[in-house]
Structures are given as C-alpha cells and as structure tokens.
Amino acid sequence: MEYRRMGKTGLQLSVLSFGSWVTFHKQIDDSISDELMGIAYDNGINFFDNAEVYAAGESEKMMGRVLKKKNWDRTSYCVSSKAFFGWRGKQNKPNQTGLSRKHLTEACHEALQRLQVDYLDLYFCHRPDKAVPVEEVVRTMNTLIQQGKILYWGTSEWSAAEIMEAHRIAAQLGLIGPSVEQPQYNLLHREKVEKDYLDIFRTVGMGTTIWSPLASGLLTGKYNNGIPDDSRFALEGFDWLVRQWMEPDKLAKVKELTTFADELGVPVATLSLAWTIKNPNVTTTILGATKKEQLTENLKALDALPKLTPEAMNRIDEIVGTKPELPEY
Amino acid sequence: MEYRRMGKTGLQLSVLSFGSWVTFHKQIDDSISDELMGIAYDNGINFFDNAEVYAAGESEKMMGRVLKKKNWDRTSYCVSSKAFFGWRGKQNKPNQTGLSRKHLTEACHEALQRLQVDYLDLYFCHRPDKAVPVEEVVRTMNTLIQQGKILYWGTSEWSAAEIMEAHRIAAQLGLIGPSVEQPQYNLLHREKVEKDYLDIFRTVGMGTTIWSPLASGLLTGKYNNGIPDDSRFALEGFDWLVRQWMEPDKLAKVKELTTFADELGVPVATLSLAWTIKNPNVTTTILGATKKEQLTENLKALDALPKLTPEAMNRIDEIVGTKPELPEY
Amino acid sequence: MEYRRMGKTGLQLSVLSFGSWVTFHKQIDDSISDELMGIAYDNGINFFDNAEVYAAGESEKMMGRVLKKKNWDRTSYCVSSKAFFGWRGKQNKPNQTGLSRKHLTEACHEALQRLQVDYLDLYFCHRPDKAVPVEEVVRTMNTLIQQGKILYWGTSEWSAAEIMEAHRIAAQLGLIGPSVEQPQYNLLHREKVEKDYLDIFRTVGMGTTIWSPLASGLLTGKYNNGIPDDSRFALEGFDWLVRQWMEPDKLAKVKELTTFADELGVPVATLSLAWTIKNPNVTTTILGATKKEQLTENLKALDALPKLTPEAMNRIDEIVGTKPELPEY
Amino acid sequence: MEYRRMGKTGLQLSVLSFGSWVTFHKQIDDSISDELMGIAYDNGINFFDNAEVYAAGESEKMMGRVLKKKNWDRTSYCVSSKAFFGWRGKQNKPNQTGLSRKHLTEACHEALQRLQVDYLDLYFCHRPDKAVPVEEVVRTMNTLIQQGKILYWGTSEWSAAEIMEAHRIAAQLGLIGPSVEQPQYNLLHREKVEKDYLDIFRTVGMGTTIWSPLASGLLTGKYNNGIPDDSRFALEGFDWLVRQWMEPDKLAKVKELTTFADELGVPVATLSLAWTIKNPNVTTTILGATKKEQLTENLKALDALPKLTPEAMNRIDEIVGTKPELPEY
C-alpha cells in the first residue's frame, strides 16, 4: 500500500481507503462488513469513512461493532464521520441537521457513541450550510479539536470559495481551517478536482478523500447493458443516482472505456480507480464493496498504475471528453 | 444615472462607466476622446477605466491630457489603472511586468505620471501572477494606499479562490483585501460572474467593473453579416478576439437575440448592456466607444431596464443557453 | 542541589536530573531503578526524563511503576516523555511515528498511561519532522497544554533555525513556542550548545536538558582500555554509539583529560559533568546510572564546580580542542 | 542571462550581478566604472550592489554618477545599499554606525543622495547588531518600505537564528521580515549557505546575493604563485583578507582546482563562479571587476554550467574538501 500526506497536514492516509456508504446495513450485514474491513486492513488500508446519514446511523453502528470486535490498535487506523443531513430523515427537527454549533457538537457526540471510539480522526461538514455563519462552523470545529474529540476537520462538496472563506475566517481568528475536502471525483466528473480546486491545493493545501471514484458503479461497466436487480441503482431511494448516470452519452463513453481497458488487460473498474490516484492532489480514493471478490479486485488499482502511461492518459481523455479547460493565467 | 456602492466599500460608481481599451490612441484621437469623455461625464458617468498596457501607455497619456484639459473637479470622478502586462510589449524586461512589489510600485508611479493625477481611485492587478506570493501583492497594495497613491485596489480575471486567498492573507495581516474585480461579463460569457463568484459576493463582498459587456461588439449585431473594415475585429493584433467570437453558434444566438430585441423595440446592444446591469452583483459596466452616436445610444441602457421583465429574462436565457447551473447546496 | 529556571519559563529544574535512557528495562530491573530513583529524589533531583522509544515503552512502564510505588507528592517532581520514533520499532505503521497531530496526541495518551500520571511536565518532539508542517506541531502542543495533558513542550536535536521557526509560527498565532531543547552536550560535542544555539538562548530563551553529558560513558574513562562486557557499548543495537565514540583521537583526549582530572583530585566523569553545568545555558544535565555507586559519585559533580577555575577551563579547552569559534558579529 | 526570483519574493535578479566593493574609487575611476557597468547592463545584469562603507561613500557616489549619465530606465535595474559600518571610518560617532532607527534611516537618506535615486530596491543590514533590539530594526525597515524609500530589505552575514528572530518579530507584528541575505559563499567557504541556512531557505525562503564568489580572487588562481602588486591583496587595509586566504592548504586546493578546470577547458575563475550559481539557493552571484576583459570573462560563467556534471561536482568536492556534513534529521 502507498500512503500520502493529507494535503499540508502530517497525517498519512492509504491511497485506497474503505467507505461504508450505501453498502453497510443496506446491502451487507455484520459478518460481511467484518470480512471486508479485515481484508482492507490487512491490505494496508488505514482510513475507514463514515457519516451520520449513511443508513440513518446504522452504518456507523455496524462499523463500530466491527472495530470493537477487531480490537485493532487505535493508532493504526483513522475513522471519520460527517455531519449535516442528520440521520432521522424526514423526522429531522430544527438543529438536528445543518452546521450550527449545536448540531455539529451533538452529531460528533453521537458518532463517537455509534462508532465506539474516543475521537474521530476526521470530521467533515457534509455540505455547506449558507444559513450558518462560517465563523460558527470554524469555531465549533476548533472547539472539538481542543476538546480532543476530533483531530482534523474537513468539508465535503464545498465550493473553492466556500473553503477559502473558512480559511479566511480561521486566519483572522488564528484558528485551524479545514484540511481536507471530500469531493466526488471520477472519469465522468472532473471539473471540481481538476479545475475549481487547483488554487486551493496550491495555497491552503487541502487534502482530498474521493467519493464515487466509479461513478456509483457505472465505471465498472456493470450497467453497460441495463440495471441488474442486485445493484445500487436498483435500491430504493437512489433514483437520483440513476437519473444522473444512466444517460446514453455516459453509457457510450463507459463502453468505449471498457474496450480500451480490455486492450490494456485490466478491468475497467480497476483502471478507473487507478486513474483517480494517478492525480497527486488525491490523497485517498474511497472504495465501497459488498463482496470480498469486488474489494480484492479493486485493491489491485495500485498495480494498474504503470498502465497509465502518458499515451494511455491521453487516450482516456479523448474517450471521456471531460478534461476541463484551464484558464490562461 | 444610477450609482451603486462598489461591493462592500463606501465608494459609489455610476452603473455605466467609460473605458479606453482598444479605442484610445488606436482608433480615436484627442479631439474625439475629449468629446466622448465629455458626453460620458455630462451624462453622470463618474468612472474612467484604464491600464498600463492599453495602447502601450498611450491610452493613459491621452486620457491624462483630456482630464487635464477638462479640469473637472477631481472629487467628481474616479480613474483607474492596471498593472501586470507592462507597456513595452516584447521589450519588457524582468520586473517590468507581473505583480512584484517593484513592478506594482513602479507601474503605479508611471500611471500617475501618464494620467497626470495625484492618486488612482482604483488600481487593479490585471491578471493573477502565480510566480509572486499573494502576500507581497497584498502588502504592496496596502503600502500604496498608505502612501496615498491609490484609494482602492482590485483584481482582474482572478479565480474566486485566488481572490479569497488575497482576502485570507489580508485577514491574517489585518490589511485591506481587494474590493473589486474586473471580469468579462456578457450574455455569452456568464459562468464566472453568475456562478464562480457567487460565494465571494456573499462573503467578502467584491464589487465588479464589467469589461466586454457587448462581447467585443458581437452583441451589437454588427458582425451578424461579417467583419466590417472599421471594426475592432479588423484591427491588427486582435485576432484572438475574432477567433473567440466569430463562431457560427455564437453568431446564430446573436441573430436570434437581435430579433427578440426588435420585438422589444430596443437595439440589441442596448438590451445586452441593460442585461448586465440588471445583475445586482455588477457595480458598473464599462462602455467603450469610437463615435458620439454609439456612446449616446449605449447610455440608454438604463432606460431599457424596465423591458427586462422576468419573462423577457427567461426568453433571453433560452436564446443564449449560457445560464450556468448552480450547485444544489 | 541547585535549581535553575528552565530558560525563560518559571519552571525550576535541579541542575542534575535522572534519565532512564538505555538503562531501564535493558540493563536494570524494577528494584534497582526503584533504588536509583530514590537516591536521586533524596538528593534533590526533581526531573525524571523518559521517551516513548526508550526500551520500546518498557522504560516508561518501569518508571511509572516506581513512581506509583514511591507515591511522592506529584508536585515535588517533573517527568517527561518524547514522541517521534514510535515504540514498535520495525513494526511502526504510518501515523505511529513522526510529529503529526495524530501521533503527538496518541503518543501523549500512551505515555500518560505507561507512566501512570495525569500529565507530563515536559513533552518533547524527539527529532524534527520535515514532513509535518511546524504549524501542526505548534498547534498540537498547545492543544495538549489546553487539555491539561502537558505543562511545557520542547524539542530535541532540532537546529536553531527549526526552533526559531516554531517560535515564529507561535508568535504569529499567539501560541506557546517550545521552551526547552534536549541536545547532546559534552566535552567532545560542543558546537550546538556553545555556538548554534547562542542566539536562541539570547532571544527566545530556551532552556536545555542535556543528554549524553559523558559521551555515552566515554568521559568516565571506562573505555580507555577497550569495551568492558557489562557496558553500554557492549549492548546489542548500540553499534552506532561505538562507531561514534571509539575513535583513537577521542580516546587520546579522554586519556589526557583523565590525567588532568587526577591532578585536580576528582574523577574524570565528575569533572566532565561539572563542566556541563558550569555553562549557564544548561538548565539540567541528565544522569543515567545502572549502579548505586555510579549515581552517588556523579551527584558529586556540583561539589566539583569550584575546581573549574578559569585556568582549569582553559586547560580543558586545550586538551579537548572542541571549543567552537564564534563569528565576529 | 538567466533571472531568478529572490527567495520567496516576486523580484527577479540576474544570476550574475555587479558589485562595486573594493574596486570603485579604490582601483578604478569613473570612466572604467562607466564602461564596466555598461558591459554588465548590456549583458542582462540588472542588479548593482553597493554599501555605505565601500570606499567610505565614494563607491556609491561613483555608481550614482554613472547611473545618472547612463539614464537607464529606472524600472530596468535594481540597486542596493547597506548600513552598519558607517562611512567615516575611525571618525564614526555614536549613531553613525549600527542598526538603530536613527542610523538606518539616516544611512538610507545618505545612500539615496549619493546614488541619486528615489528609492533603493534592496537595503541591507550589513551585519547583526546585538546592541539594538531586533524589533527596532524590523520596524525601521518596514517604515522605510512604507515611505517608499526602499522596496525590499535584507541582512548580511547574520546567523540563521538571527534571521529567524527578525522573522519571528515580524510575524508577531504583522510586518515584513528580511527577504534576502548577502553571505560570503565560494568553494572554500560553504558551511553557512549549504548547512546553516538550509532551514531558512525551506521555511521563510530567503534569497541570497553572494559576495566573494572567488574568495577575494584566490579562486582565479592569480595568487597561485604569490601576491601580484596590482592585486586586491596588495591594497592597504586588506591584510585581513590576506591572512584569511593566503594559507598553504587553501592555495594547494586552488592549484589542484586549476588543474581540473584546465581539464574541463574552462578558466578556474569561470568554473568557480558557475559552481556558485549551480546552487539553486543562490539568487545571484556578485561580480567585481577592474578590467573589461575580466568582466567579460566572468560573464561566461553561465556558459560553463553544463560542464558541472554530477561527476564534475563530486570531483570538485573531493578537491576542496569543504562540503559540510548535514545532520541526519
């Protein structure tokens, strides 16, 4: 396994990490998550990603049970949570969502309980919240750090300017700004990571923990001929993913990419994962899995890196046609 | 004339302003610029825009001569310059371009001499300069403010994150960040102003001085049937503008827009200008002109504002198809 | 016993202190360490030095057991730990070494558990870590102070410029910089303390807790005729010390020094220890010992101070030839 | 000519620059200095170095007369002065030397007059002054910047910790620290630049303007067979240079270096100059000259860079034996 510093911090994360989104509680039970986390850990993965909203808190509970049973040295891994959406769904009351000091603090406490750990290594603002002053967010995160409940804090799906605003306020107050962003990044969704964030990588030096590296599975090629019954797109509540990805244009690109992956002698999923970590501004790419074989296969992404020659990278850019154009200055 | 505060500053600028780019020295002589500036001033325009690079310094010299002759009360108008490109073109030596303290300082001195004024109201970094630390830029601009040589400083064509980085450094040092940005903005080029900058309008509150509101003249409809001999696109050294704008797709949109403007009973140029100042994040839209009639016509943009009903705005969006999609959060 | 303020802090340390490096767990058991710490304490020593890496954590555990058994008033002594090397040796994983917030925090927690104390009086960065931003180190140390887990923080074997960089960041953020450095210092290794650090003693006022005052025992004269079986140099894993010290040139100096000590009527070890605390920039010199007699003998260093007349100091400088030349300004 | 940014600043200096030390007024008159500065400028040199103490002020007066006569665009070159030693020699009274606000300010005024310029691009503290608080120095330099009398300030022959102390104070006060140091650096004097300053290049990012790149001429080989009558070492008041350099050991190294330079087919002086600018932490190497041919020859140092292959660099290190050993961490 390769490890990278998370942006300008001293923290080292494995370039491939393991996330529970969608799968935990919804698609897999304790015994499978135990098996998958074991495989991940044994292969050098040291970052396990979670959020209050994943399976309405059940995802963190399941991960907490596995972590307790595994009894790994707490210093050998990192675990995260994220607050914003709450976990009660349509029953969420005021202050049970968003980024107010009350919710950020209470959501942290709840995550610690569910995960059965004393502190989170990473704690994310799962989305921006324009109704809450950035100063309140920055101060609350710093209070949680002071209290020893979290070590680093981050953002997820914030705009570059929103991230910089948090840093501006932090600079003014002498506090710690966000050090990591969790953006979507994959061959079909590149603009944020490859264009919008360039200046923040260069200046404040954010790390990134990538979600949806396979475009919700589209880049595995498994939807090339329709939606299988046991797939994520067939799950209830994920219509928005289907709408986003099951477009003829995107499917056509994935098919062509699959052909190119075949030429390189590597599964298109592996190629797509390797492509994300080829980007030096990516700290870690989060893998989800429901089956042992799937995880084992995806862990081979590191071995596929040598296939990504400059020529191959150009060919991929031609196929997907998503490379953002950069400003002249 | 309507006046707007420039972002969060106390400065008031007329929503229409007058710029010398391209025209001064290249297309018009002292007598015409004298006439045009007179008309502008008499119609309530209080901001005259310039830059070291416009006509290699000759534009500022011409404006300086007119200002001296007019002898208007210095408190009744604002004048700007911009540094970055230098004015010696291919003869520029090291430190004669860019945003180092040496060039920003010396370029300011030179602009004051050419414009024959004691201070600039606005002083812009004409482009970002990644080779110079933002702290050096922020400190230099503040030193020039301390020395009374400039009143406000700004940026031009910086990314949202670059602008925020300047504000972050300024916050850290207790100094003044940029308070105005000069971006291109017109019906065919909207993403920066309507999407990228939204967060900085909301947080640090930048004002904007819009350049190219008519897409270098394309939105006047005068290129609808080719490039006239006496037009900007026919000038030497402006091939890049021709390449950028003379595209069939864009010309088609302009033609359709022209038809719609006819329906509304207003010239398409006037409509296009009015559309820019309809955006409350626009402080002022800079008009260029080579002829008296042209300027007089464009000054009517304010009168056309009532034509821009919600329905008309939607119709325009449909025609140009350039309205940026905003992120959900 | 004489006590000195630790640099510019208010903390008072005995000029001779007691360290567990090499000896604890490796050379001596609980009963001997109990006896030695008792002698030290009874003779007025109030600082006991330790580190996570010493005997892979066993050194801290042993000292913790002794402290618990002794049940001395917690306010009557100071205890330290140091983080950087980790304690798992070749099994160290990412984030289990270095100066990231994660390791500094977790190593502190582990040291508190091993030493069975509620807080450390001193907590050292055992080496510089160029891969971690100094800001992260400074902030983490201040967080630990805020949390009551440590009282003062320091560095060990950092360069003068690295120490000043920590103070620069601390000054910028209004935080507490390092107040003590633990450098090697003895008659054969003087440059850092007598030359490199002079400016930082004068400006930020670092205290110093000296390690290896006897050059790993070389200055006791016991290696004058080869390496005894029961000595440190005969231990496994300390080849690097042998290579560093068992050089003909150095041994010759020690022999000449031994002769001079005889003339003064004091053992060369005692003379060498006294010489370190003669330097007013030394806060405390750390003694290690495996035998009662050795410790008792070394405690007499204070009594030997009067022997170090200006003439004796000059003679010693001539013998060792290690006095650094200072810059003119 | 190649240009480099001066440390972390935006200023660009030519890698070879021209200094007046020793030569101006003492060895050459106005007509020769005019010729030499003309050659330097025409070859792309944009930095001219001076100091109050050089020839007791006469050096700056001479350079000022040449600059006035040349009438080069002020933005095309940089000029420096340095304060500390005063210029009245043994007649210096209190406050006519050192780094007090009074002397720094008055010395700046005097240098501006002698050099006949409105501002200095660089202004150096020629030595540290332990009798003056660093805060007074930092504040005075920032005041001079605010007043537009200097653009950047620096140090000369300060220790790494002294430079960092200035940066610490500047950080605390939100002021500008020194951005350039003028150290001696040549094949026989390497420790400061290659060891002591490494941390400050990495952290605060000082630029360097190198003096004595030829070890006062020793590295030209001209002293290989004794001191010529018309050489610097034969001048009155330069005995300290003779004592420093005319050592058998050093002369032997220079002779061997001369042989190696012959093998490479390049004069030893050219090789020695090229070697200094091979170091990326060197911003510019200052050339002195008394004759046209000498300057023309030395300007060829840039062409000699390709000769400095890794193998040649190793060979040179073996010959001079001055490469400093770096600490492990």
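Order as written gives the chain letters A, B, C and D; numbering starts at 1 within each chain.
Note that a residue touches a chain if its C-beta (ideal position, glycine included) is under 8 Å from a C-beta of that chain, and two chains touch if they have at least 3 such contacts.
By chain, UniProt protein names: A, B, C, D = Aldo/keto reductase.
None of these values were measured; they are calculated from a predicted model.
Student: Among the chains, which has its CA centre at the largest distance from subunit A's?
Tutor: D
Student: Given a C-alpha superposition of subunit A onto subunit C, how large is the rotation in degrees, taken in steps of 5?
Tutor: 95
Student: Where subunit A and subunit B touch, do the two copies share over half of their residue numbers, giving same, or under half, giving different?
Tutor: Since more than half of the residue numbers are used by both chains, the interface counts as same.
Student: Taking the mean of the C-alpha atoms as each chain's centre, how many Å separate subunit A from subunit C?
Tutor: Result: the chain centres lie 44 Å from each other.
Student: List the centre-to-centre spacing of subunit B and subunit C in whole Å, with centres computed as mean CA coordinates.
Tutor: Comparing mean C-alpha positions, subunit C is 64 Å from subunit B.
Student: Take the average of all CA coordinates in subunit A, do the same for subunit D, and state the distance between these two points in whole angstrom.
Tutor: About 52 Å, centre to centre.
Student: Distance from the CA centroid of subunit A to that of subunit B, rounded to the nearest Å?
Tutor: 40
Student: Taking each residue of subunit A in turn, which ones touch at least two of the other chains?
Tutor: Answer for subunit A, listing residues that touch two or more other chains: there are none.
Student: Line, ring, star, complete or other: which describes how these chains touch one another?
Tutor: Drawn as a graph, the chains make one closed cycle, so a ring.
Student: Check the chains against each other and report every pair that touches.
Tutor: Result for touching pairs of chains: A-B, A-C, B-D, C-D.
Student: Over in the complex, which subunit C residues touch subunit A? Could you list them?
Tutor: By the definition above, subunit C touches subunit A via 93-96, 98-103, 105-106, 110, 129, 131-133, 136-137, 139, 143, 146-147, 173-175.
Student: Per the contact definition, I'd like the list of subunit A residues that touch subunit C in the complex.
Tutor: Touch residues, subunit A against subunit C: 3, 5, 8-12, 14, 46, 74-76, 78, 121, 145-148, 151-152, 174, 176.
Student: Taking the touch rule as given, give the residues of subunit C at its contact with subunit D in the complex, in rising order.
Tutor: Contacts found on subunit C: 127-130, 134, 157, 159-165, 167-169, 171-172, 196-200, 202-204, 327, 329.
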